[in-house]
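In the two complexes below, subunit A is the common chain; its partner is subunit B in one and subunit C in the other.
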Partner chain A sequence: MDAPRVVLGVIGADCHSVGNKILDAFFSEAGFHVVNLGVMVSQDEFLDAAVESDAGAILVSSLYGHGLIDCEGLRQKAVERGLDRILLYAGGNLVVGKTAFEEVERKFKAMGFDRVFPPQVDLAAVAELLRKDLRSRKN
Partner chain B sequence: MADRLLLSVDIGSTYTKAGLFLADGEDLRLVGRAARPTTVDDLGLGFAEVRSAALAGRPGVRPEDVPVYWSSSARGGLKIAAVGLTPDLTLSVARMAAASAGGKVVRAFSYELADDDLAGLRAVDPDIILFTGGTDGGNTRVILHNAARLAEAALPAVILYAGNGKVRDRVVDILRGRDVVTAANVMPEVNVIDIEPARDVIRRVFLERIVDGKGLSSVVAATGGGPLPTPLAVFELVRTIGERVPDWEDFALIDMGGATTDFYSHTEAFHGGDSVLLRGLREPKLKRTVEGDLGLRISAEALVRSEAAFLEARLAADGSDLDDLRRYAADVSRATEFLPAADRGRRLDATLAAACVRAASLRHAGVLQRVFTPQGGFQVQRGKDLRRVARLVGSGGYLSGAADSALLLEACAPGADDPDTRHLVPEAPACYADAEYLIPLVGNLATDFPAAAARAAVAGLRPLSSRAN
Partner chain C sequence: MTSNRLDWKDFLAQRRAVLDAWPTGRDVADIEDGLRYQRTIPEDKNFAKVMSRAKASGRTLIQPRAGVALIDDHIRLLRYLETEGTADLLPTTIDAYTRQNRYEEAARGIEKSMTAGTSLLNGFPAVNHGRDGCRKVTEAVRKPVQVRHGTPDARLLAEISLAGGFTSYEGGGISYNIPYAKKVEIGECLRNWQYVDRLAGYYEENGLAVNREPFGPLTGTLVPPFISHTIAILEGLLALEQGVKSLTLGYGQGGNVLQDLAALASLRELADAYFREAGFEDYDLTLVFHQWMGGFPEDEAQAFSVIATGAFVAAAARVEKTIVKSPHEAMGIPTKEANAAGLKATRQVLSMMADQRICADNAVIEREKDLIRREVGALMSAVRTASGDDLVQGIVRAFAGGLLDVPFAPSVFNRGKVLPVRDNEGYIRLFAKGSLPLGDDITSFHKERLQERSKAEGRPVTFQMVTDDIYAISKGKLIGRPK
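On to the complex of A and B.
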């Protein structure tokens, strides 16, 4: 079986590249085929890459606090582009200030994200969730 | 003696031109030339005439003993329809592959092919359908759908499949009974371009299959070999000059004609640097774009429509207006051989030419945008950076006769945009004219004699100085 394909990138005008490289290395090592778009990625670039590569998930990072506005509308756009069943994950410093993570998670899920992660997270557990979610989406 | 003579012939849409070269040690020397009107009904007649004329001064030489290298852009050149998945990824790469193979993209399609699209394909009657989409292992749904649509459409064009490699066999199977060839995926991974394999197949298809339909088989019979599409001969010449001639690594060539303006560049697309970021496709070092709406005759009306804003401003500075130019464009688009004798025509031709050079350069070049982020100011580059282009060559009837560098330097126009956007056009290149019309005749020899052809081409250029008065 081919490695499951995921699209990875840092959304918006965000140039934090270190975490992006760590995620790329980690998920590749964990057996995923990572299409890494790097930093400052627009919504359309995420979606074009997912369409061309037939990816099962888009993993969106945001570290500069503008995640909410950058991610708004991504789900609707994905549906419009024919990516009805694609998984959307978001993680990082998604919102400026001291908003409780539960509140951030609620907002991102309301925007159509399947899973939302805080700044500190066990990547092995994320990979496990991703595998499970991808399997259940297939059926 | 005859074995050291080489004949190069280019069958253009209006003229068939020949150059007789002497392979003299490491050098190629032009020792004779001829031109005759292209004989559209039987291209072989014009070819035979021009060959005799080029060899006329050499009584001891039998024409059939002189090897012939030739190219053709007659009968519309090489017409390619590009099919991709998303407009900014595979379709954009497919366009690049088609242009780099010497073709002209006559129609382009993305996503699922609809009934209208198939009707459009039939209407433009392409020689090749370059069918791409999906990374390797990527999208299959749209690709297989489009394969089925192309199968049912039963068009006469050769279908070149260069999409998702994982479904290549299934695509070929669906298209069984059609004229199908395949090449490696033009975009095997997102943002990774691999157009050389598709280019090679397009070249082979042109040689082996399309030549007949273009009425070139009699020339193949007379020469024992097939032609290159003319722009491909130029493309290979640009490559060999860029690779082999000292100080010519970063250069560009503009070939402006009655129907199209072609822009070729040989320079690294992206130079990096602190806080400069490349977004989108990393373009190849050697790139050709062809603009079907930028031309001095057949395309003059399209040009006035596309570049109205620039033309209007330029004409106003001369105390003239767009209506007069529109009338002129309508006249010359129907009189494709027209050469102005009067002042008005010369002046309007110069204005049209400036618009062609400027727009072709702006479209070929990428942009750099200043972006303010919480981490400070960044610059985002999209497309190709031409700022290091140190030399700029003008070819084609009009540019070959340029008196000074003013017209070519229109390629350095900054473009009219917001102050945070900068077009990455050449900055201050030295300018040259292909005054001897050696391009593409030398280009035909570039594949077999790369070093000698590169030197001969550069030696034949005339340096242009700034405005003469």
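On to the complex of A and C.
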């Protein structure tokens, strides 16, 4: 079976590159085919890459606080591009300032994200969820 | 080893296009207006003068990072940090859209912040607020204010903020590109920063001191001292060439106390040596130490301890300034209360240390200083060979050939082949040296030190060990040992 394909990147004008390199290494090691777009990725670049690579999920990172502004409308655009079933994950320091994670999660889910993660998440658990979600999307 | 000073006619020709990039550029078209305004700023609000005084008196000044979208909120924030936080120096951290010259998005961020009643930008959009908005901010506080950002093309921001009463400007053509941008060509960025330095130099020629501070910590992630030192010295040389006089070079806390003390002592010595060798004498060099720039523990009590160890090193090394973190660092941008708490925690350590002398004769510090001196020497000599008489071209070639290489940087013009890792005592060493032009004596020392750790942990040095080190401090340790 082919390795499941995922698109990875840091959205907007965010140049936090360290975690991105680690996520790339981790998910590749965990058996995913990672299309890593690196830092400062626009919504369109995420979607272009997802279409080109026929990816099952887009993993969006945001560390600098502009996550809400940058992620708004990504789900609608994905639907417009015919990516009706694509999984959208978001993780990082998604908003400006210390905010209860439940609040952040609620806002991102309302924007159409399937799963939302705080910065200290266990990556092995994320990989497990991702595999499960990808399987259930296929059926 | 010099790059030519930017010709004034060329500067003025460039200036027109720079100011046309956004409507607020028009307000600073008369360059003399900025000079006239800066003359009204009292000495104790001039960043360069205050840094110089700290050097003379042996004091370490404290400065936070802070910036929000709206002018009145930003003023309230800075006032709180200077009163409640006892900050000696104030910042104005610029938002990420402005850093990428995306002024329309910054404008949307300002509007959305007004509607939301809270800042949705991660800093102060100084270009959008323009000269008068900046003057409102710098006039509203008692302490000198510095622009802190991460902008590869910072020409318009420099024009507006210097005319707006800021007396210090952070950044440089390498340190605000390689860690902060993805596709900005190095030569182009260096030339844009020559413009900024030339502007600062013009203020100096007219008797107005403007402090310039290359960004020392780079990616803030296990950067070995010699890499950041070499880049700081190169940016210092480029700034001096354009007429900058007040120069603050920086280094970010690595975590091993003796390595950090050696790094700070050697940064001052090496910078002086290279500047004098290049023929510069009329400059005022000061140092800034950045408290831990990597990932922080979420727990606020643990975060305070990270802050306190940084404050200790700043005091022991007698640097002129330290940039302070907050207990909210793991969560992103701090509240004003958390920011002030970081300042007060730092102040307590600095005050307790003020009369103590820590860093006397220490053989280990001397060993590390000697190592850094040889490492910086190797890189500087390679850049010099690549330069001919054009330092800008030399730096471009050095990055292309991997003679300069910054770990974990996002720029595609950086090779990214260098991997650092901690040794068995927590010193930052090289696991992969990429194409850095280091001699065998140096690389074998790094290798031996890493073998010790490998043996102690019963595992080979791999990328996993590097990852473990990156997250170690946020998980309560210095070295990322296996469980």
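The rule is simple: the second predicted complex is superposed on the first by the 139 of 139 C-alpha atoms of A that agree within 3 Å, B and C clash if a C-alpha of one lies under 4 Å from a C-alpha of the other, contacts with A are read in each partner's own complex, and residues count from 1 in each chain.
Quick note on the criterion: a contact is a pair of C-beta atoms (placed from the backbone, for glycine too) under 8 Å apart; a residue touches a chain by one contact, two chains touch by 3 or more.
Treat the numbers as computed from the prediction; the structure is a model and nothing was measured.
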| item | value |
| --- | --- |
| First, second, both or neither for A:Ile22, with subunit B first and subunit C second | second |
| Touching partner for A:Pro119 - first (subunit B), second (subunit C), both, neither | second |
| First (subunit B), second (subunit C), both or neither touched by A:Arg5 | first |
| Partner chain(s) touched by A:Gln43 [first = subunit B, second = subunit C, both, neither] | neither |
| First (subunit B), second (subunit C), both or neither touched by A:Asp14 | both |
| First, second, both or neither for A:Ser61, with subunit B first and subunit C second | neither |
| Contact residues of subunit A, present in both the subunit B and the subunit C interface | 13-15, 39-40, 64-66 |
| Complex contact set, residues of subunit A against subunit C | 12-15, 17-18, 20-22, 25-26, 38-40, 63-66, 68-69, 93, 95-99, 119-120 |
| Residues of subunit B touching subunit A in the complex | 85-86, 88-90, 133-135, 137-141, 187, 189-191, 277, 279-280, 371-375, 378, 380 |
| Contact set on subunit C toward subunit A in their complex | 96-97, 99-100, 102, 105, 108-109, 112, 118-122, 150, 179-182, 219, 221, 298, 328, 330-335, 338, 408-410, 463, 467, 470, 474 |
| Touching residues on subunit A, where the partner in the complex is subunit B | 2, 5, 7, 13-16, 33, 35, 37, 39-42, 44-45, 48-49, 51-55, 64-66 |
